[in-house]
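What follows is subunit A paired twice: with subunit B in the first complex and subunit C in the second.
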Partner chain A sequence: MSIASFLSPATQESVAPPAEGVPLLEVRDLSVTFYTPRGTVRAVRHASFTVRRGEVLGLVGESGCGKSTVAFATLAYLPGTAEVGGSILFEGRDLMTMPAGELRDLRGSRIAMVYQDPGSALNPTMRVGEQVEEVLHTHLGLSGQAAEERAASLFESVGLPNPARVGRRFPHELSGGQQQRVVIAMALACEPDLLLMDEPTTGLDVTTEATILDLVAELKNRVNAGIVFVSHNLGVIARVADRVAVMYAGQVIEEAPVRELFANPSHPYTAGLLSCVPAPVNETGLMPQLRNIPGSVYPASEPNVDACLFADRCPMVQDICRESAPPEIVANAEGHPVRCFFPERVDSDTWGEPAPRPRKPRSTNEAPLLQVDGLHQYYGNDRKKYIFFGPPSRRPVRANVDVDFAIQPGRTLGIVGESGSGKSTAARSIAGLERRTSGEVLLDGEPLAAGVGDRPRGQQSKVRMVFQNPAASLNPRLPIGSVLVRSIRKSRSVGKAEARGIAVELLESVGLDGGYMDRRPRELSGGQQQRVALAAAFAADPELIIADEAVSALDVSVQAQVLNLIAERQRREGTAFMFITHDLGVVRYISDDILVLYGGHVVETGPAEAVLRPPWSPYTEALLSAAPVPDPDAEPSRIRLEGAVPTLRQPFAGCPFAGRCPRNLGDLCDNTPPPMRVDPADPRHQILCHIPLEELAADQRAAMRGRSAVGEAPGGR
Partner chain B sequence: MDRFSGPTGTYWLGTDEFGRDIFSRVLSGATSIILVSAAGTALGILLGTIVGLSSGYAGGKVDEIVMRVMDGLMSFPALLLALLVLTTLGSSHVNIILTIGIVFMPRVARVLRSATLSIKTMEFVQSARLRGEPAYYIIFREILPNTTPVLTVEASVRLSYAVLLASSLGFLGLGVQPPSPDWGLMISEGRAHIANAPLIVLAPSVAVASLVIGVNLLAEGLREARELPKGERTP
Partner chain C sequence: MARFLLLRLGLIVVTLLVISFAVFGVTEVLPGDVATQILGQGATPENIAVVRERLGLDDPWPVRYLSWVGGVVRGDLGESLVQRLPITEMVGSRLVNSLILASFTFFVAMPIAVAVGIWAGVHRNSLGDRLASMFSLVAISLPEFVTGVVLIILFSTTLGWLPSSSLVEPGTNPLTRPQILVLPALTLTGVMFAYVMRMTRANVIEVLETNYVRSAILKGLPMRRVIWRHVVPNAMLPTISVITLNIGWLLGGLIIVENVFSYPGIGRMLLTSIQTRDMPLLQALALLIAATYAVSNLFADLAYTWLNPRIRFA
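Up next is the complex of A and B:
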């Protein structure tokens, strides 16, 4: 599916208010260079952009492109090792030459920042109200009653529940989304003119992210401020930004209004980023293969050269690209600036025609590779608060309750759910890292012992796991080759030299050469580390690979590389995957079957096509409608979940989702466990709900028609 | 015989009550104290590492019991424990080393255990478990190399404590017996003559102090040398 057809015709409308002469923020030719003992880091190389009042400028790019550095530079908040060139004009005045005292007054009052991790942006030992009042006191001189009232009204404006009382809470008493709301309230305390948001939703669940993005979109209209929104997620950018600046290797390489950028990318890098995002299934049911941008970002340690910094990764590179730098910025046919010699040549096929990805046909009579029945995983025991005295007060955490599923050989089961839904627990129980409380797990028809140490060698090598954090999944003290050789020799009897040979082949199969054998993990980029982790998992020729958020920490281009490797492996070797992720785009792309978990319970399961089409369980529906779609024209869907996944220490009286369910029927849902309903169209598709499926499907179809298809339905656009 | 002679060309720091050259005694005392404290530290680190890594990796009840035993050992004042060991086993270099090792073991074990607790949850350890690696391999090949930053710091801190402990034992008469040139012993014996010849006490005291400071500086330098060029982060 091409990019152009993926998006509907752009409705061009100017969102920016009339210019007032001087833009709110003008960054001109900004360079930031850090001199560290390990060498010179050129984080930003001659970047320029402007922000006007009332608009949201999205800064997007892979990690290492200098997005966050630009944000910090705009606060003139960089360590002493940084050398800053160029100018940052805030309402026409240069922040770089401003006296320190004046700058301090500006920060927090007129320029405010929202950080990525609300957990570390708030002081854990202070009540959140006091922290907001502190800002009010410092900048506005408010104190006592006045400050308290102002804080409460700020809490109300960011949609915190019970604004008058929430200030008495400590940060740890609030959920991640609520913490981020407090941070936003702090940033808004002095009605800033410029708001910098550095990946404000990256650490949050998709459902929480949706509510925060709603808030940002609403703020843009309410406060007359300019917002710089830094994100690596194109879906998020599409949702909130008016204009987008794409950064690459410290340069702004394209800048355009959001609709134009998504409909008509004029830099090959932008086009590449867009084509790395997993698209919905098309009408044929075949997956278009993801295209990926080879290599990695031009390193910040390299000097500025007189050439296009993207040349080494560019599919349409010409001699001239390596000989001279593209002019500062050329306006392309649409009139927006882009740093490329041939913007007119960029189209949806720049990165090659997407090839359909063949999937293993479903066979009904094949015995499952993995069969899980009634998996329970509880942490902790009933414990008395005081030894010998009183009633038991701490119940075990019921992380998985009666989870059943099966994985066919050579197929992929996608497991989705918010954090705290028990996805990772299920993975760890099956892998044998945690001993399950009860339940039966069969691998190839043979029972799988609870602990990995109790399994016979043959079974051990049939199951492998790939983890989220690539840096932590390789031992930093051992060379790459040692983990590969070790894995190979654990599963088959070969000599050291032979194992090394196999290890080199494995590295080559994931796109790295044998020279990496003796390198340490820290010498590799995150994507390379994850590919090595995959190679280590492949080393044993496992039948099942459990991937726990294996692509979540990766940039979108690298994510595509890894997903393609997984698909390739599956096609060639018939390896089955259990793929855990919170990213619905990835689930859609990779899964043959889907399992939706909530609060440790299975709420929906079935073949991917069936799960992604109504009827959905109300939870699946909420997840799907919260997922950011990389399409600025997608109407924000209406279902929002508030609050967090409930405590798992108490068994649920009724439906696990009843407390947050937008379709809650009242007493029935709250107090009676719902039945597992079977979809008559496909008996493998099952939904845990009190509402009959016909009714669910009819409601959900009507709702979708109501907002003119958002791309949720397969082939919907 | 020159007793209590002041500093002269022959006796740079003068002589003691038996007319022995103080400078020579300080110099020759250095070897024994350095060897004893280094060996004691090494023993303590070795035992503590094994106990701390194994206990931390095992976790659960084993960890609970082992660490309570370590707490018990630690609750004895170091000198009291040393007194106990040295009076039962008799005083010798080997026994002093043993004493230092036993005194240090629980402290090292504690530090190493907490390092292990954070490392063992890391994914590369879990991958190794999934590969079916035995516990000893995971403990010594996967976890141990990642504790080296903690270990270097711990070793250097312990070494300077060992110097102090060894000289305290000498001072209390629990260390090697006279006439061995032991710094602690020299200070203890010289106390009676401090008015006549202050250098008898001063020289070994300064020696102890400079050794302790020197060890600390060495540790600081080692740490910087390790950290700076590669800039590697410790897990």
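Up next is the complex of A and C:
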């Protein structure tokens, strides 16, 4: 059943044909200001763009640039304290002055939205079917069986498994990707004319993200709607957008067709964003150093000034940029608007030549710093149905099963896998935050106790951990200086004054000056907080730093700063890193060795350059294939994984990946544990698979033929 | 579900055992001798010894505890020392009276409190919301015996609309004269109403800020449906826990209110039993109140489970 047939005759009549030449959506000089008790927030300062029917406008920028506010303003959904300037015209009618009743009729029926974090966008106590049916009921007057049937065909059209039954599920019974499909089905229910997608794949696994992006790309052709796609991820934007508007500090600073924008950015900020994303591996297998945009986004708390808001971070800033605001002018022969005085000067070297990274000395024969053998980590105990008797109802979660790896001094081990693969568990076990169930862990040849409290002080300060959310790991009441001084004095016997001196040096080493000593964490931006967290980890002069998704929540420009900081530290002090991330671009940039985990098992391990070339384990292949490429001309990759990492309560009968593997051989894979195969080209490279490696490599090379190059797929998350 | 029920029932048994032990311990250390109490101040030591012997008061405490618990398990709560009647018989009608008053309060006050809370949460910072908050603050701060007396002065002494005491004639049931229930129920309502209403209001405000309510609004649903279908069910989850806590309040409040209004319920009986050192009766009543509390908690948990699909199947 096609979506078009969902429109009842009544609705079709009510759709007045828009006047000729009027764009579907026209945002004209929009400004949104929030007056809050903590100050004035200028979320949007100057945003102008149009969206036509049948096209996807990508809205890109770092956090705090006002992208989401623009999206919500388009549904006239802003808190009462917001002051809106300019206009948002939907088919020529201003949404800001529309009566509430008419607005309600538009919402959900002609303008619909898909949100970031689908888990929170769905009512947890309501079956998902009913959540879709209520839209059909409100706008199309459908109820009962008719509504149920249409909900089912909507579920089918967004690729949900078992569409007739899935409506009976509650949101928590669905995976993140399935939840997002439900939200999309809900948005499509009345065949909207305008679809707003606010970071719809942020927070989902790369594999899930890829399947959702496929769906969006398919929708683009199927429904004749205009789509506004908000994302901070250039790879994602490149995959789905037709045109792109780049936002900075609440302004649209550049707008261009997607190919034009990626090939020929005309604003230094756009060029900067593009050069912050970890780039493909070059011939030597070593990535050039990441360039970064210094500083952080012009704060929304600052007033509008008559100057370019990017001036403080711009490498080609001139006096005029600080004296007057650049008008929106036509940049070049292609004629795309850009808010800069010197658009013609922007090119790929605006942010400097990519400097080759100094090669690290190979140290393969050195004794490993950390040696992990047979690490098992189980959570929970066996439970029986009737407490003391009855069949077993719940087994422990097998988060890590027989994980082996080693880290050489001064090298970085990248650990990748989807959520639920056991990456963070491994990190927490090594750090001693969780007591491992079994396995041997040696640090410098000395056994490392399971719990951090049982380790001698010397060992404690040798291993440090940095977490994803710096705001949550820094004590909000302590000034930055005290955090650092504590950390220093815990591991070294120095006086207070001396410790403060070291603390200032540490802050400077992470690019913050001594003035930050007396600030509290909440006065700092996310990137600054993460640098403080790193400085606190450095304070103990550790030999190993475990970074669990330490750059995942940061904007690309800040992510580049932090990654370079880590690389720098490693080169100077020889610190080893265990770097956990779901972003393959980051892993490729930072890792010397890579460990791929799936369902708590190691499925591939080896030196980075070997792991990133075929043969891959089928899981690694799927991960690489799913990562979005910041290149609009890249062919959509071919391998898609549906579903999520399976429950880890049951031991796997065969290969852990068998249930989702596109190369599954059948009975063998399902029921016999696969061998760990050794790559003859490099014996440190090992793959858990039933398929012989020569065969895997041949198949994978054949599958890639015609595609640009080997695994050039950095994600820019 | 079977597992859940089994676990909870097991826990109730353990709770009651612990409580029985505590109650027994407390009555042991209470000053005053039962035999003296029964025989009066002028009793001879011989007579007292005889009475103590007959009541088994000289047995070591573990023996007395076990025989008491054994009786309770068999459904025999023992015999009142003062009235010389089986406690099971004495308590019956009193318990019914108390339950009538408690349910009357509960089923009138709770829906109104929840409704006002929802209204105040949705119309946050409106005049009505401020009035409701102010009223509830006053109600929370006043203890039952003050509210009760104020209500008596207002509605019976001054206006003469309602009776000041809520005596029930023997052999009848409070429902034959429901007007006697109004003042005690109103008194009991005060504190509970305030807690539940404020909690509901806070939860409604919190749920209104969630992303799924935003989705519901942006689906173009009428506000009525957003409130009743999306906000209220989710706001009720934490409210139920508060209501459960209030059952404890209600049972405690009963003791005070029944005495203020001379209402023949177990609360009044409890006080009398303390005054007359009627230990078996006191023990039985304390255990009964604890059991009521535990069972009502179980029901509240079941309601919570039923409303919350995330733990319904766990």
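As a working rule, the second predicted complex is superposed on the first by the 684 of 717 C-alpha atoms of A that agree within 3 Å, B and C clash if a C-alpha of one lies under 4 Å from a C-alpha of the other, contacts with A are read in each partner's own complex, and residues count from 1 in each chain.
The working rule: a residue touches a chain if its C-beta (ideal position, glycine included) is under 8 Å from a C-beta of that chain, and two chains touch if they have at least 3 such contacts.
Keep in mind that this is a model prediction, so the values were computed, not measured.
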{"item": "Three-chain arrangement built on subunit A, subunit B and subunit C clash or fit", "value": "fit"}
{"item": "Contacts of A:V135 with subunit B and subunit C, given as first, second, both or neither", "value": "second"}
{"item": "Which superposed partner A:G432 touches (first subunit B, second subunit C, both, neither)", "value": "first"}
{"item": "Which of subunit B and subunit C A:N123 touches, first, second, both or neither", "value": "second"}
{"item": "First, second, both or neither for A:S473, with subunit B first and subunit C second", "value": "first"}
{"item": "Which superposed partner A:R107 touches (first subunit B, second subunit C, both, neither)", "value": "second"}
{"item": "First, second, both or neither for A:V183, with subunit B first and subunit C second", "value": "second"}
{"item": "Which superposed partner A:G666 touches (first subunit B, second subunit C, both, neither)", "value": "neither"}
{"item": "Which superposed partner A:G445 touches (first subunit B, second subunit C, both, neither)", "value": "neither"}
{"item": "Touched partner set for A:A536, first subunit B, second subunit C, both or neither", "value": "first"}
{"item": "Minimum Cα separation, subunit C to subunit B, after superposition on A (Å)", "value": "5"}
{"item": "On subunit A, the residue positions that both subunit B and subunit C contact, one per complex", "value": "none"}
{"item": "Contact set on subunit A toward subunit C in their complex", "value": "75, 77, 104-109, 112-113, 115, 117, 120-126, 134-135, 138-139, 170, 172, 183, 186, 385-387, 393"}
{"item": "Residue numbers on subunit C that touch subunit A, as the complex places them", "value": "2-3, 6-7, 10, 210-212, 214-222, 225, 229-230, 233-234, 237, 307-310"}
{"item": "Touching residues on subunit B, where the partner in the complex is subunit A", "value": "122-124, 126-133, 141-142, 145-146, 148, 228-229, 231-233, 235"}
{"item": "Residues of subunit A touching subunit B in the complex", "value": "36-38, 431-433, 452-453, 455, 457, 460-461, 463-465, 467-469, 472-478, 483, 486-487, 490, 522, 533, 536, 540"}
